[in-house]
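By written order: A, B, C, D, E and F. Residues from 1 in each chain.
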Amino acid sequence: MTTPRFAAPPLEQLPDDVRTRLLAVQEKSGFVPNVFLTLAYRPEEFRAFFAYHDALMEKDSGLSKAEREMIVVTTSAANQCQYCVIAHGAILRIRAKNPLIADQVAVNYRKADISPRQKAMLDFALKVSVHAPEIGEADYETLRPHGFSDDDIWDIAAIAAFFALSNRLANFTAMRPNDEFYLMGRVPKQ
Amino acid sequence: MTTPRFAAPPLEQLPDDVRTRLLAVQEKSGFVPNVFLTLAYRPEEFRAFFAYHDALMEKDSGLSKAEREMIVVTTSAANQCQYCVIAHGAILRIRAKNPLIADQVAVNYRKADISPRQKAMLDFALKVSVHAPEIGEADYETLRPHGFSDDDIWDIAAIAAFFALSNRLANFTAMRPNDEFYLMGRVPKQ
Amino acid sequence: MTTPRFAAPPLEQLPDDVRTRLLAVQEKSGFVPNVFLTLAYRPEEFRAFFAYHDALMEKDSGLSKAEREMIVVTTSAANQCQYCVIAHGAILRIRAKNPLIADQVAVNYRKADISPRQKAMLDFALKVSVHAPEIGEADYETLRPHGFSDDDIWDIAAIAAFFALSNRLANFTAMRPNDEFYLMGRVPKQ
Amino acid sequence: MTTPRFAAPPLEQLPDDVRTRLLAVQEKSGFVPNVFLTLAYRPEEFRAFFAYHDALMEKDSGLSKAEREMIVVTTSAANQCQYCVIAHGAILRIRAKNPLIADQVAVNYRKADISPRQKAMLDFALKVSVHAPEIGEADYETLRPHGFSDDDIWDIAAIAAFFALSNRLANFTAMRPNDEFYLMGRVPKQ
Amino acid sequence: MTTPRFAAPPLEQLPDDVRTRLLAVQEKSGFVPNVFLTLAYRPEEFRAFFAYHDALMEKDSGLSKAEREMIVVTTSAANQCQYCVIAHGAILRIRAKNPLIADQVAVNYRKADISPRQKAMLDFALKVSVHAPEIGEADYETLRPHGFSDDDIWDIAAIAAFFALSNRLANFTAMRPNDEFYLMGRVPKQ
Amino acid sequence: MTTPRFAAPPLEQLPDDVRTRLLAVQEKSGFVPNVFLTLAYRPEEFRAFFAYHDALMEKDSGLSKAEREMIVVTTSAANQCQYCVIAHGAILRIRAKNPLIADQVAVNYRKADISPRQKAMLDFALKVSVHAPEIGEADYETLRPHGFSDDDIWDIAAIAAFFALSNRLANFTAMRPNDEFYLMGRVPKQ
């Protein structure tokens, strides 16, 4: 098993707010996802990262939470980010209440069981992720017939952009997905 | 759910040997993987495809069956082949008795919990899959210190080459992974 | 001259059916194309390979034999497969009774002296060969106005897929085109 | 002149902290860089973005401020981000007290008048920006002989990762560099 | 500062016509652009290069001189040619009487303050520069509604083609832009 | 058969020197290669193009004429230039007195029957043709052990650079290789 390249300081040496967030997520999930431990190496960046994450992923939006996770999984797969695909794959299965969807969009969203609106959303998200310099008015126009507002379009693009950051962080730190993620959302809770 | 682009003929219209193989796999697995149904559209190609598959994947080899499935999953992910990644991911989990390995190599084998020998094997397999024209003596030399014989090297390369075919078949036919594959090998049998 | 990386066993040690095929092709062509010798190293794979090849290239089809060879030469050139471009270039010249066509499609089929229908066929074949994950309904629709049936489309795609395998086999084995191929079909038989 | 795709709300409707930052930067620079106006469209994201930016770019580090701006300009040029190259090019010229450096690294940092240590830094930053999945131990080893600590390496990678986000934001919003940036740092202050 | 890889012979050893051209350009510009010194290493190639350059860039044409320089800067940036982007960026600023235009088209011409006609021109020029084998009738058709004649189209393409040569010369010789270019055309002449 | 996109003026309307060269080449070769007719559309460019060509291809050099043609065929194949591969393939066969060599290097020079020195030469030429911005001292160092002087290296690079121009000219004009080229050098003269 790979040793993390940058080890988080011991819990008692972390700033209070960082420790509090770690404990809260452990309380809620039963484990601490490694992204929290890795970024705790840099408390200032930790705070900014999760503030940004929550601003995009937790708020109300014209995109459902499941749709936002589809964007994460699709673009993170294009960037071969192991942590993001496996961790957010778990969240996507839960949000969508669909045990198949995450593997489908991770491998090839064009063949996934999603709506034409969602395919258009993922086409655009992927273009932001890998061909952003070529985005132009024509891309915006392909989204509008599906009912996406300007705010929705910002959300799609900003999530793709934020995970462009996140994918690179996870790749250079060799961030490891926690074992718990692999099975989450695949079998009905008993 | 996507309708298959090319529908297999009804079971009773299939040649005897094709029908027999379909029934045998159903007997063994409890379902008929869609690759059998899709290729049944063309019985001659069905026979050659599975003869080739079995010649590489079922025989004795210096590569374990789990290692051969790692090659399939890694190269099929590079080719974004939904059917192959999900179906062979299931087989890999079972062969390796490891519920995590398939998702790891599918997203980024460089970060997977595998040996240096297996990473060298997958580096070579991926080069055969996506940069075959550049393969030369230097590539063979990186494999030998890991104990791979010439026959092992043929196996690595031939599996990568065979799934280059298989990935394209699955993509142009929009072959759909059966729902059963997603969970196979993830939870201990009871 | 490059020594073959994997030497075929002596003729008398080959299984009967393999030896018989080698002798038959020698009888017919006056020489044994190296693909037969290279694959004889693995008789099981030899049988499956040629069964698959014949199922696609020898049967009746909505595509002429020359058209099928155009697909081989175009996609093999994209994969920089020396054996396939030179050997099938020879066959294409003969099938098409055209001494110029093979070199044209090998370098850039978009500029070759072929019909718009054949260009559409090669556009699709090349997409199967190098961008298969992106194939979708729109690609099928560009083919239909040219009169291609679903069976024809399968043929185009399956030939491109089969030579994706073949090109990789030839590249990793450093398969050498026989000298005889270079001139075949270039000058009228006397 | 391109109209911004997402218009910032009027100053008086912005949250106090956002308005305060806009006014502070105007006071200091004599103009409000458009990145502040564009992101003001989304105050939560504005706060997270600049907190992240400052955590990386303003703190003490083993990398000089000029070196950090070199990373920004090099990776932003690879991502064809007009705003980032032109705005941070200005900052780089000022930080480095060098009127030529920004244009050099923007076009091809390999030919720029920088030290071998800086070239190694930019090689790594560019790999994080465009080939992050392939980063491994070997990349870390090329940096250490140049005296980079683990903390320095995090800084290089995190800046490249943060601007992967920033470049995509600027591209999808069609963010326009302010006219003031083009000449900054090119001529001695009088 | 990089030493030039190939040093020009001393002025007095140059053929008369080459020396005369060097002196004339020095007289006119106040310095000798390094492209003249580098190519003086090979007088025959020097003569052919500048004859070709002048035939395209100095003659009357349906494209303004500023438009021709836009093609040079856009395609040279795609080819990461430091000399060409910086030297011709200076000339573009002067020809267009616009201090911003060169940096804009160098980073991403799609976001530059240019006309739709000029964007179509640069789309085509870039395709000639990086995807010439795919050029076909459809590309010509996108240009005609903007009023480009066949002669104009030749000019666009030939300039892109000529700088494909020039960019490679500058890159393999590590040609260095003269310091004078960086500021030219950025500030009004006094 | 494709109509040329830009038709040469009638012979009698051409400038004397251009007409003289056309007639001389026809006298020598028995036909006028289409590159002469296509470029005659622009006499100034015609003169510069052939002056440049002759300066590189006709002079004495540390590279044999056959080696120079290998560079042309290899890089033109990478650029999918039908005219250049077929016309210079003919010249290469003649210069090398080898009927096989041109097809070999056109498809994959790494598998051609050439010396290690020639492979190193073609590796470098191909890098100039398709990855010039990354050329650095390390590339020069791989050439020196093969006995290439600085002048030889210039020749390799300059030929690759010149045909970068030539390939693009041929592609945008849809220049057609004359039928005569296909068979030249393939059969012994009688």
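Here is the rule we use: a residue touches a chain if its C-beta (ideal position, glycine included) is under 8 Å from a C-beta of that chain, and two chains touch if they have at least 3 such contacts.
Given the structure is predicted, the values throughout are model-derived calculations rather than measurements.
Path length between chain C and chain E in the touching-chain graph (shortest route): 1. For the pair chain D and chain E, chains touching both partners: A, F. Note on interfaces B-C and B-F: more C-beta pairs are in contact across B-C.
Over half of the residue-numbered contact pairs of D-E are shared by just one pair in C-E, A-B or A-C, which is A-B.
Copies chain E and chain F of the same chain sequence form an interface built mainly from equivalent positions, shared numbers / all numbers used being over half. Taking each chain's centre as the mean of its C-alpha atoms, the one that lies farthest from the centre of chain C is D. Mean C-alpha positions place chain B and chain D at a centre distance of 44 Å. Here the CA centre of chain A is 24 Å from the CA centre of chain D.
Mean C-alpha position of chain C lies 28 Å from that of chain F.
One simple way to say how far apart two chains are is to compare their mean CA positions; for chain B and chain E this gives 51 Å. Among the residues of chain C, those in touch with two or more other chains are 80-81, 108, 133, 171.
A list of each chain pair in contact follows: A-B, A-C, A-D, A-E, B-C, B-D, B-F, C-E, C-F, D-E, D-F, E-F. Contact residues of chain C toward chain B in the complex are 5-6, 41-42, 44-45, 47-49, 51-52, 55-56, 59, 79-81, 128-129, 132-133, 135, 140, 150, 154, 157-158, 160-162, 164-165, 167-169, 171-173.
Listing the residues of chain A that touch chain C in their complex gives 108, 110.
Only residues 133-134, 136 of chain A touch chain E when the two sit together in their complex.
Interface residues of chain E facing chain D in the complex, by the touch rule stated above, are 1-2, 77, 80-82, 85-86, 89, 99-100, 103-104, 106-108, 111-113, 171, 174, 176, 179, 182-183, 186-187.
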